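What follows is chain A paired twice: with chain B in the first complex and chain C in the second.
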Partner chain A sequence: MESSRSIRGKMFTEHYHSAAQARQDGKPIAYITAFTPVEILKAMGLVCLYPESYAVVCAASNKSADMIQASGMEAFSQDLCSYSLLSFGAEHYEKLPFQGLPQPDMLIAANNQCGTTMLWFRLLAQKKNIPLFIIDYPAAADDQPSLVNYITQQYEVLVDFVKGHTGNDLNTSILNEQIERSKKTCHLWKSVHEVNKARPARIEAHKIIDALFPIVVAKGTQQAYDYYDALLNEYSQMAEQDTVDAVRLLWHGYPMWFLPNKFPLCFDDEFQVVLNDYTLWWSLNYPDDSSGMEALAAAYSDTYLNRSIQRKVEEVADLIADYSIDGVICHVNRSCRRSLADINPLRKRLHQLSIPSVTIESDMANPSFYSDEQVRLRIESFRDALRRVL
Partner chain B sequence: MNYYLGIDVGSSYIKLALLDDAETMAFQDVIQRGADIDASCRACFDEMLNRCQIDRNQIEGIIATGYGRKQVTFCDDVITEITALAVGSYAIDRTIRCVIDIGGQDSKVIVIDQFGKVLDFMMNHKCSAGTGKFLEVTSASLGVPMEQLGPLSQESDKVLKLSSICTVFAESEIISCIARGEKKEDIIRALHRTISGQVRGLFSQINSFSDGTIVFVGGLALNDGMISELSETLKQRVLVPPHPQFVGACGAAIFLRRKMEPVLTLQGT
Partner chain C sequence: MRDMRSKTRGISGCFSNYIPEEVIAAAGFHPLRIIGRYETSSHHSQSLYAPVCSFARDIFAAAASGAISFVSNVIFPNSCDSLKVLQQMWESDLTPPPIHVLLHPIQADDPSVRYFAQQIEKLADILKNGSGLSFTDLQLADHIQRYNQTRQLLRKLYPFPDNKPPFLKGSDRIALVTAAMIMDRDEYNQILGQIVAEGLSAGSVERETGKRIMVMGPLVDNLQLLETIEQLGASIVADDVTNGSRYFNLDVDLDGNLYENLAKRYLRSGPSPTMNTDICDDERFFRGRVTDLNPDGIIFINQKFCEPHLHNYLAKLEILKEMKVNALMLEVEHNRTAVSERDLLRIESFVEMLGEG
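Our next item is the complex of A and B:
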């Protein structure tokens, strides 16, 4: 059986090389936001690229500081979302990973994860003079039938939009296959995390972050399913004696993509981040009792950041219980305003649960907002405090 | 008699607290920090032995805390100031649930539980706004020594508001205030209010969930004007212990004593 590492390596390279090839072959290319219903677009023959994911690739390649500076050429404030700055900076930067993303034919954005992407994509549409379609997902909606109806109506318009620009029809057979595989792959991705419910934890959370790429860019593909199947198999077979029980930490929120291990290097055998809830956000809940567009509407309207604050806080509380978490590190990511809203309510809940926590202010992709000394001081103080509690 | 020594190496001062077996303060001292932290601590330590007329062998253990804790080569253990301040504050009063420390380099708000353990903490981020350094720099531009800031601010009869929280910009704003004839005491009070506002920002993020006593520690808690402004800004009374600048050193020494005598720890907590 092919190793998960080998599959992922191939997928990563193929994703960007095949995109460049698609441009040469004249296939229609769309830039899409993180939680766009890609299944519909794939079933209409679109090649889909994720500028947010590419921003992560740039940040992890140690290019973000220079690229964000380059975005200053267009007079963008450095206080904007660092993913968007990386995207705009890429226009003025030469040494891009994979020679950059090929030019798109259209843009499709959704507001179920982020508000900034709407403005970012609108600006891209103006600059590139290409069509833009925006899908609206009301946040924290409680009338599920009306919500699903509202969203599926937009999906129907989306199908017309794509057909109008490509001439391609929706292939419902491919759509259903995509949805079914997305659903199974999301289940597998969740199961990969759940391996760490065991004590001692089998795998460090930063290694799980390394496995994120396929669920983001290739959710409905057989290759992604095979990858997570192989990964889960490998993790499940890891011998218990290979790992050491440690103080179990939850990293709440975004990783720091520009750091080698995605988290500050302040953890060791004694303190281990066993779960990063951000990576779990990518495991969407495709319902069992509906199919087609309705299933997609239910899954994509229920992204983590589109839920109510109260629900988000309680979900973190559930994770703390399920994964036997001893302490929580909250990353206040200045780029993502929507993820900040639950920090203080979460703290309040953690106080009630007597779970120690610490807050680190930084950014997901802009290293100029990261101060190693300040972060170390906070984490060291947190470790000190945890030693006394446990 | 056996002793436990806590050394708190801050960004501006080094504080020593020597406790006996009964956790009673036997000696305390504060000196300006030199460039060579280890040498400064050692000189202060030797002087302490001499003044207290005690032998080195009577000291059961030495623990360092604060920013420069890792520079102290002759200590047996180190802890962060967050833990030291929590232990030291809880030893003063067990109803304390929130500790505010305004140090030379940073401000901290620490939430502790009913057992004195740290639940959460906030520190100012990558900026000297709201710290002792802010007051040190700005008071220098007024030509007023730090120890006179408190009494002078109490004479203020005008509410003056500074718009800058940045140390550098506030310094130039003060020059403008002086130029337009504002009184020093009003400017100093405004500086205290600026720092209090910064601390409130941290406090409101972290402490709105807990009840209990709030304690104000650190060198700036010696400044009556600062205490008044902080209480007013937080709209709550803050407790100030008799020797607020030694709470960290004292807490470290208590931590060490209890760690070295686990039976007493169980009884004591």
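Our next item is the complex of A and C:
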């Protein structure tokens, strides 16, 4: 059986090389945001590329500083999302990984993760002078039927939009296959995390972050399903590590993509990040009681960042119980305003649960907001506090 | 406000131009736009993290220190991420009043109007329950008429659509629109009616020699900043700000389903940086307005960290370069009454530069 590492390596290079090939072959290309219902677009023959995911590749390749400078928007670097800055920078920067993303024929964005994506894609559409479609997901609401109805109506308009620009019809059989595989893959992805419910934890959380790519860019594909199946198999067969059980930490929010291990190097055998809840955000809940467009509307309106504050806080509290977490590090990510809403309420809840927590102010992709010394100091004092209470 | 509380079933604090004030008023509450200047104890000011906009941080600090505790409920829009953070933090960290979120769509097509109409009706039911005051369609129509009257009167203060010279200074116009968001509606309409009647007979105040400035941005609460622009010899001939011309476009139709009519008016009252207006329509509207008003320069007044308006500035800058219209961006903190030395210098040199043109 092929190893998960080998499958992922192939997927990664194939994703970017096939995108360049698609441009040469004249296939229609769309730039889309992370939680766009890609199943519909794939079922209409679109090649879908994710500027956010590509920004992560650039940040992980230590290109952030140069690309942000190239964006010409340095003056606004404190105010704009660093993914968008990297995306604007990519337009003017030459040494890009995989020679950059090919030019798109259209842009499709959704506001179910943040409002920034709509603003960023509007600006991109204006600069590139190409068509844009925005899918509106009002916050996850209690009157689910009218919300789902509103969203599915937008999906119908989206189908017309794509057809209008490509001539392609929606293939409902491919759509249903994609949805079914997305659903199964999301279950698998969740199960991959769950191996770390064991004590001691089987795997360091930054290695799970390394496995994120397929669920982001290839969710409805057989390859993504096979990858997570292989990964889960490998993790499940791992012998329990012959080490002393570490103090178990949860990293709340975005990783720091520019760091080699995505988290500051302040953890060791004594303190281990066993879970990063950000990676679980990609495990969408495709409902069992509906199908087709309705299932997509329910799943995509219910992203983590689109939920009510009560739900967000209680979900993290559940993770703390399920994964036997001893302490929480909250990343205050300058780039993502919406992700800042739950930090103080969560810390209040953690206080009730007697779980120590600390905040680290930085950014997901802009290293100019990262101070190694300050972060070390904060985490050191957090470790001291944990030692005192455990 | 004490007077308003005794005259009504209570005060509804609200944000944004997408909350239909007519429905709040019909349910017996007084709709009060939460704008700020509140006395705030300093230890609360860091409770929202810095990339959240200055307005949201300031209002949260005010609410945390009890400065807004006189309201009976608070109605939030489904708006930018900073307001979403404010709403969720308010809901989680602060004591009542109850909070309602009005889920308005970000686009204005027919399905969006139908969805928004349902949400407005839902809000109406919540407010009726809260006040114990039910209302009929006829009573709602009566309130809509009052708000339509305000909108019609406010439009007379402005130079569009026919580009007639205004009879009030730009800073006074914005102050008057802001008052509409705060005062009792009947009293306001009466005073505004008198001002309009007197102004129309008195004629234009626009200086012949002053440079023509248009101001753009979200809510401008620092009126002194606007007065400074005028004191430096420029005229604010028009604005595109939340508490200016964006407040009063379009009336609500009184025939047919009133909730759908309200939804149509609120979603279709013109482009806004928090809404997904078709990019071509947005650009056409903006180019048309700039062409009609022919300003010498545009000053963008943005609240620090206000993301939608920063993107709007970046988008409009490209168009203005093409149209050869100069622009200046000022980033301001909410709840400041003074004009910083830096902003003063920047306005001064901008106006001077326009003079050289």
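The definition used in the following text is that the second predicted complex is superposed on the first by the 380 of 390 C-alpha atoms of A that agree within 3 Å, B and C clash if a C-alpha of one lies under 4 Å from a C-alpha of the other, contacts with A are read in each partner's own complex, and residues count from 1 in each chain.
The working rule: a residue touches a chain if its C-beta (ideal position, glycine included) is under 8 Å from a C-beta of that chain, and two chains touch if they have at least 3 such contacts.
Only a predicted model underlies this, so the values are computations on that prediction, with no experimental measurement involved.
S.K.: With the two structures laid over each other on chain A, which partner does A:F76 touch: chain B (first), chain C (second), both, or neither?
M.R.: second
S.K.: So in the superposed three-chain picture, is A:V157 touching just chain B, just chain C, both, or none of them (first/second/both/neither)?
M.R.: second
S.K.: More chain A residues touched by chain B or by chain C?
M.R.: On the superposition, C touches more of the residues of chain A.
S.K.: Just checking: does A:L350 make contact with chain B only, chain C only, both, or neither of them? Give me first, second, both or neither.
M.R.: In the superposition, A:L350 touches chain B alone.
S.K.: Taking the superposition on A as described, I'd like to know which of chain B and chain C A:L119 touches: first, second, both or neither.
M.R.: In the superposed model, A:L119 contacts chain C only, not chain B.
S.K.: Classify the contacts of A:Q99 with the two partner chains as first (chain B alone), second (chain C alone), both, or neither.
M.R.: Neither partner.
S.K.: State whether A:V358 touches chain B only (first), chain C only (second), both chains, or neither.
M.R.: In the superposed model, A:V358 contacts chain B only, not chain C.
S.K.: For A:S6 in the superposed arrangement: first (chain B), second (chain C), both or neither?
M.R.: neither
S.K.: Classify the contacts of A:S18 with the two partner chains as first (chain B alone), second (chain C alone), both, or neither.
M.R.: Once the two structures are laid over each other on A, A:S18 reaches no partner at all.
S.K.: Would you sort A:L132 into first (chain B), second (chain C), both or neither based on which partner it touches?
M.R.: In the superposition, A:L132 touches chain C alone.
S.K.: Once the two structures are superposed, pull the chain A residues common to the chain B and chain C interfaces.
M.R.: 344, 348, 361
S.K.: Can you list the residues on chain A that touch chain C in the complex?
M.R.: Contacts found on chain A: 73, 76, 78-80, 111, 114-116, 118-120, 122-123, 125-127, 132, 134, 136, 138-139, 141, 143, 146-147, 149-150, 153-154, 157, 308-310, 313, 332, 334-335, 337-338, 340-345, 348, 361.
S.K.: Please name which positions on chain A make contact with chain B in the complex.
M.R.: 344, 347-348, 350-352, 354, 356-359, 361, 371, 374, 377-378, 380-382, 384-385, 388-389
S.K.: Flag every residue of chain C that touches chain A in the complex, lowest number first.
M.R.: 47-52, 78-82, 84-85, 88-89, 91-93, 101, 103-107, 109, 111-112, 114-115, 118, 122, 273-274, 276, 279, 283, 305, 307-308, 310-311, 314-315, 318
S.K.: State the interface residues of chain B toward chain A in the complex, per the touch definition above.
M.R.: 79-83, 86, 111, 113, 117-123, 125-126, 205-206, 208-210
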